[in-house]
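Below, chain A partners chain B and then partners chain C, in two separate complexes.
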Partner chain A sequence: MTVQDTTIPRPLPRFRGVDHKTLILIPPGIMLLIFFLCPFLIMGAVSFYYRVPDGFYEPDFVLTNYAAFFDPVFLTALGRSLTLCAVISVVCVSLAMPFTYLVSQMRRGIQVPIVILLLCILTLSEVILGFSWTILLSRTAGASNVLVWLGILDRPISYYPSRVAIMIAMLHFCFPFAVLTIYPPISRFDRSLPEAAATLGAGPIRAFFTVVIPALRGTIISALVLVFVFALGAYLFPQMLGRPADWTLSVLITDQAIYKSNIPFAAAMSVFLCIICFALILGVGKLTKKTEG
Partner chain B sequence: MTNKQTLNRRQFIKRSAATGALAAAPGLYAPFVHAQAEPLKIGSWGGFFEEVLADKLYPEFTAATGIEVQSIGTPNGDAQVVQLAQAIRAGNVPLDVSALIPIPMVRATNAGIIEELDMSRIPNAKYLPDVQGISKRSDGNPNGVAWFFYFNILVTLQEDFPETPTSWTELWNPANAGLAGVMAQPEISNIIDITAATYFGGSDILQTKEGVLEVLAKVAELKDTVALWYRDEAQFQNGLETGELPIGIYYNDVATVAQAEGIEIDRIFPKEGAVKNPAYWGISKGTALRDQAHEFLNYTLDPSVQALLARNLGGGPVVPKDTTDLTDEEWDQVSTSKDTIAPAYHLYTDWGDWTATEFSRAIS
Partner chain C sequence: MQNRFGKLYVLGIALLLMLPFIVVAGVSFNEKKRLYFPPRGFTLDWYKDVLSNSEWLGPIGTSLTVAAIATFVAVCIALPISFMMWRHGVLFAKALFGLGLVPFMLPPVTSALGFLIFWSEIGGYGSFWATTISHSVFLVTIPLMMISLGLETIDEAYLDAASSLGASEAEIFRTVILPLILPFVFGASAFCFVLSMNEYIIAFMVAGFTVETLPIKVVNSLRYGYSPAMAAVSVFVVLAAAGLFLTVARFGDLLRMVGALDKPD
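Right, the complex of A and B next:
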């Protein structure tokens, strides 16, 4: 055995008493401040502005915008958005997990093209994916024509507008994000763990569920949260592929902001959505810590 | 916002005018060069509208009056007014003249960014109809003139509807379940006005909120037939082209273009009336080119210019048919002699937020 040369890490150089680690954090900190915190604060302020019925808005402090949100129309849309995104994130990660695990076990020559393919999906915009799905699910040119040709259906039918159509398109859109989030931790995953399980008699499927999944719990939860938040912002799929009864809160926010000039109400709804998002993320974070601890 | 400068073409046209090549231009005005450092900045909706105006109208106007024009594409609807209001409040006048449809016109008026008009400088306003011809402020003073009418009509694909429907009731026909396309915003589709005219004998019922709710209950029945509540014309046009949505509400001018592109549709002015909306010109508050702007407004109301707009833009003329040289066929392409529906604008202005929420409730 050779004695490894261990070097004591040199302390990072300091600049006027501030170490470089802190200095590196300054540019992203400023970016966050300008591009995230400031717009968020402005949105928060506007949500309390007075909406002039025939005009725009005036600086004020009124709670009517928040009160308007408690109409069943908007509360139902909020419930719908949260349910839709929860289902999508669970289905998406459930599919992405075994897929990524299997891909990570393949030869490098196969892995790389698969990852490139996923990146290709990311280059397509929501609009292109939305239009593609309206064609694929249509009565005149869509999948049902193949079923008619195969003799399964009597005449072609349209599969949209429907909730299922929204789900399919959003899964298509979110899947690459889930895979790319899970991929790095899985490829670094210690293969000796499932091997040890195998020596104890667990089959590959059992080892995957009892060893791999629990060991990657943190990764799975972060992927769930990422897909959830990402799906929450989706606006085009629900309105292109769904009926008004399927429209999410994002669609209604856009309608208020763009078509009705009701920026204060749109802001109030966005603030509400943000708060619920933060609460969910914090809750999930706490839950993970608890289960880990 | 996209800025489009067409100076080269204009310079060319000016030179042509100088050589007398455009002596037979439809303008009735002697070329007169104004002392003008800046071009008159005219905003219209970016895309087809702005292109046609920059291509067909402004060069003629410049040739006729010597007033240079800069064409500027604007967003549609309220976004247009938000941008303009912010700029004017910040002390800029990004546009001297804006094309505005009725509801943005009301918002712009209430935001105080539209100048009052001096009607004595717009003699051609004498051709305007009493109804929907002039936009007025709450004090009754005019601040906008209609320069074309646009119609929401019923369109059907000939293949799926060999017998052309004549009534809006076709939208409620259970046989058409899942086949129709209607605009998602009630102030754009005017579906509430259409329903009131079709099933409630006119707009009287829309004077009370109870009445509106009654009409909305009928609108709610469209849930079965309307497959697409569209926010973008391209969505519906795509549905028509593929045959997926063979029936729906569409703009007459856009439908005419679709027909010209070879989509076999029928443009129907239903017996209960097509919806007629005016497009106004408004002059921005604080403009330095008030005179030129008035001259432009007057120019576009000239019957010969109205004919030019009808032929190139597909908009319905705001002047009587007999003042123009449009043939019967040309007139029927862009307008109608049948009764039309004038929208109850208070639904979308005074009661706008209430209507929006109740409409969402009805269709979801």
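Right, the complex of A and C next:
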């Protein structure tokens, strides 16, 4: 070994073509391509299949599954889903912006428990949360008992099934997602901006609305879209807390697939939902890149 | 906005977020098989009931097994992809990374239906492995994102130093990179595990009538009426999740794991 060998670092093998090291990508590649990409491709194909009336389907190329979109049941469910998720998204992000901004300024000792609380709600899925809300909105154990105790109500009542119940549960479920989406950009946000505003005489609330919010425009737009898509996935809340008339697209898909055994129609709706979500997310990605770059 | 009003706002929202858990915990102490809040009487029998009854222990065991295997597989898929993308900029790794992010960009129902059709085509519908493998590829987004975040925190000077001291690629990975990203791998595993434990729609669509996971069991028993035992199960699940995340926060920087910038206090 010469002196040169030890003093000059060997160049790192970066940006090289295929070599033996990339072989470790084969197992994960196979897993993702077979068990994730394939299901979506097959689903796409099945959406054009012919549905045999007894509940199965056979390979074909028909457009009847997509033509069924013009069915009023589907159209009203679509309109309902989009409106519901838009409202949820706007309310969640509006509440989450000041919340996240305030939390990100707090001590670590407070931030960590709050993040843990948010993660708990986010990972609990709709099963436990839906169950909790059915109790909280029920007659025997619910919030109305407090109102009776306060003398506002004469007797306890049940607040579900109703559309308001679905919205409350979805807000609770989507709020942590909204906070965790905007938390990284807000924690990187340049604090000298609101400080400058304060030196110039703006109160903290005014500084928040006139300096912080406009500076984080891109973050807010992408959060709105991500929360919207996240809310579109809600599936159990409309069933547990609502009536069939309140069902969203996600519920309709499972209903067609499992209980009506119409897999091709479910697949067509699913493909449609995927396209909406992809278009929204890719569109907003382009938009925020443009405004930031 | 860091004034009394601001603190009140944060506290108020935090309390509202906790409200359902408080009520569920309260309901689980009811003496009779009815759900009252505030609870009437106090008993821990429902907890004993859950822990001694195979009706509940079976699904809990199934869910724990599915979650453990799915988490392990998801991390094994994500680690090489994130590493090859970060260290060598391999194009195929970038493509796989992009593919791995897709599950979280789409409503879970669409993935679930994809899995349902896929498993019934290849003949695994209703099997334990259909649930487990579907979970592992569905949840792969979490370790992909979190391990990548961890890799980005590594100072390249360490790698240059190790390399100039004669360490091979494998040695650098084992002695420098792995210890530095371990908290992130652990955090991602905890996150994946809890998500899989609670996942309903995929488990239901792929093997809902044969492989009874805990969420499926809860939904099924909701149909036959409520009992405080279900509230007790929920308390267990919430405590398990909170405990896991607390452990993660003890051994690593939780705020950094969710993407926040590290700031000195």
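Here is the rule we use: the second predicted complex is superposed on the first by the 240 of 293 C-alpha atoms of A that agree within 3 Å, B and C clash if a C-alpha of one lies under 4 Å from a C-alpha of the other, contacts with A are read in each partner's own complex, and residues count from 1 in each chain.
Operating definition for what follows: contacts are C-beta pairs under 8 Å (C-beta built on N, C-alpha and C of every residue); 3 or more make two chains touch, one makes a residue touch a chain.
The model shown is predicted, which means the values in this text are computed figures rather than measured ones.
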{"item": "First, second, both or neither for A:S138, with chain B first and chain C second", "value": "both"}
{"item": "First (chain B), second (chain C), both or neither touched by A:I258", "value": "both"}
{"item": "First (chain B), second (chain C), both or neither touched by A:R243", "value": "first"}
{"item": "First (chain B), second (chain C), both or neither touched by A:D71", "value": "first"}
{"item": "Chain B versus chain C as contact partner of A:C120, first or second or both or neither", "value": "second"}
{"item": "Per-residue contact with chain A, leading partner among chain C and chain B", "value": "C"}
{"item": "First (chain B), second (chain C), both or neither touched by A:S158", "value": "first"}
{"item": "Chain A residues contacted in one complex by chain B, in the other by chain C", "value": "131, 134-135, 138, 140-141, 240, 258"}
{"item": "Residues of chain B that touch chain A when the two form their complex", "value": "77-79, 81-82, 85, 106-107, 110-111, 178, 184-185, 187-188, 223, 227-229, 231, 235, 238, 242-244, 349-350, 352-353, 356-357, 360-361, 363-364"}
{"item": "Chain B-facing residues of chain A, complex", "value": "51-56, 68, 71-73, 76-77, 131, 134-135, 138-141, 158, 160-161, 239-240, 243-245, 247, 252, 255-256, 258-262, 265"}
{"item": "Interface residues, chain C side, partner chain A - complex", "value": "1-3, 5-7, 9-10, 13-14, 16-21, 23-24, 26-27, 34-37, 73, 76-78, 80-81, 84, 87-90, 92-93, 96, 99-100, 102-103, 105-118, 121, 133-134, 136-138, 140, 159-160, 163-164, 166, 169, 191, 194-195, 198-201, 204-205, 208, 215, 218-219, 222, 226, 230-231, 234, 237-238, 241-242, 245-246, 249, 254-255, 258-261, 263, 265"}
{"item": "Residue ranges of chain A in contact with chain C within the complex", "value": "6-10, 12-16, 21-22, 24-25, 27-29, 31-33, 35-40, 42-43, 46, 95, 98-99, 101-108, 111-112, 114-121, 123-129, 131-136, 138, 140-142, 145, 172, 175-176, 180, 183-184, 187-188, 204-205, 207-208, 229, 232-233, 235-236, 240, 250, 253-254, 257-258, 263, 266-267, 270-271, 273-274, 277-278, 281"}
